[in-house]
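What follows is a set of structures for review.
After this come two complexes, each holding subunit A, first together with subunit B and then together with subunit C.
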Partner chain A sequence: MKRVLGVALGILTAIGGFLDIGDMVTNAVVGSRFGLSLAWVVVVGVIGICLFASMSGRVAAVSGRATFEIIRERLGPRAAGANLTASFLINLLTLTAEVGGIALALQLASSVEPRLWIPVAALALWLVVWRAKFSIMENVTGLVGLTLVVFAVAVFLLGPDWNELADQALSPTVPAAEGHAVYWYYAIALFGAAMTPYEVFFFSSGAVEERWTVKDLAQSRMNVLVGFPLGGILSVAIAACAAIVFLPAGIEVSSLSQIVLPVALAGGKLALAVVIVGIVAATFGAALETSLSSGYTLAQFMGWSWGKFRRPAQAARFHLTMIVCILVAGAVLMTSVDPIKITEFSVVFSAIALPLTYLPILIVANDPEYMGEHVNGRATNALALVYLVIIVTASVAAIPLMIATGAGS
Partner chain B sequence: MILGDLLDTPVRGPADERLGYVVDVRLVLDGPLVGPLAAPRLHGLLVSPRTGTSFLGYERTGVRSPALVARWLRWRHRGTFLVHWQDVAAVEPGAVRLRDGYRQISPDLPGRPSQRPDLHPAT
Partner chain C sequence: MRVVRALLGLAAVAAAAGCAVGLDATPVDEARALTSPLEQASSAVGTATLAAELLGDGRSTAAVTDTALLDQVHVLQEAADAVATFVPADRTGAAWQADALTTVRDAQVAVAAARGWANGAGSDEGTVVAALDASATALDDLTATLDEVTGE
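Right after this comes the complex of A and B.
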């Protein structure tokens, strides 16, 4: 019974933990402009993150090493240093976007200016990172984030033309008003939102934090393979909400209040309150994960002691890194830069940086010196190579498309 | 000298011919005990004929997967060999020089006995 509960809890946490500000903003923007004609990218992204997270989780459980320890060991100090710089900066950008998301969601609830919420959000973030137990932190934000299911409920309440939605999703075409380059730019953004590198830093370091061993492999695989696809369905529901309400009116989503508007239309004040709780939980959870990831990546590269299972005094530089990153994210947001814009850039840069972490994990997952009998099987490797090609293609195409489309405008 | 001084350095033979670049060093733990571990000793240099970029660990073992990555790296680093540190005549700025009669050795690591078929004659 306890095992069943453990598995259920893990899956529920993975669903709630899958969604972050990047998924919400990108899916809503895409839904309002392209309908469900990019829903296939969410499917590709979810399969990719399942593959990547289960591989890095397996490597962490079997070898006891987290992602950046492996990157440093395999790439050597110089190449890994360049890798760290890129990954760390993009993670910081994502953290900034998540903190901004918390502030925007609290603004929706309170009508108080986001800049007054930013210091509160940053302080709360630091307190949780400093004090809370790892498992409690992960489970609470994941479970409360489940309230985002209200997006899926809203799709039904809105009573859409199901044939048209199915038609958009199953035979995707570029809408007449949009160019092909913009379509592919947003395809990469959606892919980057689903396969954000911090999820993997967090997942593999979390496996070390929770002292996974080979015995926990089956459960971790279940969490990922069931939880992430269900999270992906919520992503598509967000896009569907925007497609139903905004696409016919030709309105492009550019703020958080627009993202939640379809839910309010469908379910009234109560649904709106639920969705705001969900957004605060999801962005707060993701802000915790990105804060920790900043500490994990730097500490693992430098060989510092790290982890929430150590007291802060025993992992001082790990905690200091997180404090500095939270302060920087808060300071950037205090300049009144639009968090939604930051989010849109962060998901594309995530897609650009993805090969840097994907390749080393793939190689180590094949190394019997680390993995013993738990090396990748043939089927996993075949799929992993297909994704290597997709990931590298998306990464290389992202910057030219960004320039050609003026970042999708 | 630190490892960073050696990595990426061009390697030249006794007649000043280009042999490649140092891509890695190999250490062995056979010195006197220092704490629980034997002190490491520099056993040799890994030299790749064409490129100073990383071999990502594929030089050590017979791992052939994932196929695309392994084949690409093995092709980039074809002809990689190990030279003993005793065969190094001099380390100058910008070049490592090998002495006369140096030997090129296979870079494979001998695996654990259970993984080496040659130690398990067919019974």
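Right after this comes the complex of A and C.
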């Protein structure tokens, strides 16, 4: 019974923890402009993140070591250093977007200007990273983030034309008002939002934090293979809400405040309160994960003592890295830069940097020296190679498309 | 080598000069340039109307409506800036610009009034929504006029 509860908790946490500010904003923007014609990208992204997370979780559980320790050992300090630089900067950009997301969500609850919430959010983030246990932190934010299921409920309450939604999703076409370049730019943004590298750093380092072994592989697989796809359904629900309410009215989503309006239309004040709680939980959870990922990546690369299972005094540089990153994120946001713009850039740059983290994991997952009998099977490798092609193509195409479309404008 | 550099320099200057707005822009180019901020403004007014109606129906809170309206004030400011910084090539373009500026500014007034109402100041819901509807109609009419020119 305890084991079943453990599996259920892991799955629920994975669903609630799947969404972050990047998923919410990108799906709502895409829904308002393209309807569900890019829903297929969420499916591709979810399969990709399942594959990526299950490989890195297996590497961590079998070897007992986390991503960057192995990347450095396997690729050497120079290649791993380049990898670290790109991953660390993208992670910092994502952390900044998440802290901005917390502030914007709190503005929705209070109507107080987000710049006043940023120091509060940063302080709360640091306190939780410093004081809370890893499992409590992960489970509480994941479970409260589950309240975002209200987006799926809202889709039903809005009473859409299901045939039209199905037609948009199953026979995707580029709307007349949008060009092909913009369509593919947003396809890459959605892909990057679903496959953010921090999720994998967090997942694999979390496996070490929770002392996973080979015995825990089945549970980890269940968390990923059930939790992430259900999280992906919530992503599509956000896009569907925007497609139902905004697309016919010619309204383009450009702010977080617009994302909650379809939920209010469907379910009134109660649903609105629930969705705001969910957005705060999802952004706060993702901010915790990105803060920790910044500490994990740098400490693992440098060989410093790391982990929430150690007291802060025993992992001082790990905690210092997180504090500096939280301060930098807060300082950037205090310049009045638009958190939504940062979010839009962070998801695209995540797609650009993705091969740097994906390829080393794929190499290590095939290395018998680290994995023994648990190396990738043929089917996994076939799928992994298909994804390598997709990831590299998205990465190479992202910047030219960003320039050609004026970042999707 | 100097000749090549000089030619490259001249080519760069010519390319930059070609990017200048208004010098030899056709009416279609001008109409397209103004349509984009007008669509942005229409989107902002549409969001403001939805937010105001939700508050009026008791389905939203004052904080959410205020935030949504504030965000649309910023969107309208961007649209107004885009129209104001447009450089018309002739009198027709100048007339379109003047119409677009007036329409976007009217939208700003309507959204600001809605925000005042959401925060307990100003008129009633009916007046606020009527002003937003009028603004949306004016934006749609002007966009339709420009669309006829562009043929889109």
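Note that the second predicted complex is superposed on the first by the 409 of 409 C-alpha atoms of A that agree within 3 Å, B and C clash if a C-alpha of one lies under 4 Å from a C-alpha of the other, contacts with A are read in each partner's own complex, and residues count from 1 in each chain.
We take it that a contact is a pair of C-beta atoms (placed from the backbone, for glycine too) under 8 Å apart; a residue touches a chain by one contact, two chains touch by 3 or more.
None of the values given here were measured: they were computed from a predicted structure.
J.: Under the superposition described at the top, does placing subunit B and subunit C together on subunit A give a clash or a fit?
T.: With subunit A aligned, subunit B clears subunit C, so fit.
J.: Looking at A:I251, would you say it contacts subunit B, subunit C, both, or neither? Reply first, second, both or neither.
T.: The answer is second: A:I251 touches subunit C but not subunit B.
J.: Touching A:K269 in the superposition: subunit B (first), subunit C (second), both, neither?
T.: In the superposed model, A:K269 contacts subunit C only, not subunit B.
J.: Does subunit B (first) or subunit C (second) touch A:L385, or do both, or does neither?
T.: Only subunit B is touched by A:L385; subunit C is not.
J.: Look at A:A79 in the shared chain and tell me whether it touches subunit B only, subunit C only, both, or neither; answer first, second, both or neither.
T.: Only subunit B; A:A79 stays clear of subunit C.
J.: Scan A:M302 for contacts with subunit B and subunit C and give back first, second, both or neither.
T.: After superposing on A, A:M302 lies clear of both subunit B and subunit C.
J.: Report for A:V44: first if it touches subunit B alone, second if subunit C alone, otherwise both or neither.
T.: A:V44: touches no partner chain.
J.: I want to verify one number: the closest Cα approach of subunit B to subunit C after the superposition, in Å.
T.: It comes out at 34 Å between the closest C-alpha atoms.
J.: Would you mind writing out the residues of subunit A in touch with subunit C in their complex?
T.: 107-111, 245-246, 249-252, 254-255, 257-258, 260-261, 264-265, 268-269, 272, 276
J.: Spell out the part of subunit B that touches subunit A in their complex, as residue ranges.
T.: 4, 7, 53-54, 56-58, 60-61, 63, 65-70, 115
J.: Flag every residue of subunit C that touches subunit A in the complex, lowest number first.
T.: 39-40, 42-43, 46-47, 50-51, 54, 58-64, 66-68, 70-71, 75
J.: Can you list the residues on subunit A that touch subunit B in the complex?
T.: Within the complex, subunit A touches subunit B at residues 74-79, 359-360, 362-363, 366-369, 375-376, 381, 384-385, 388.
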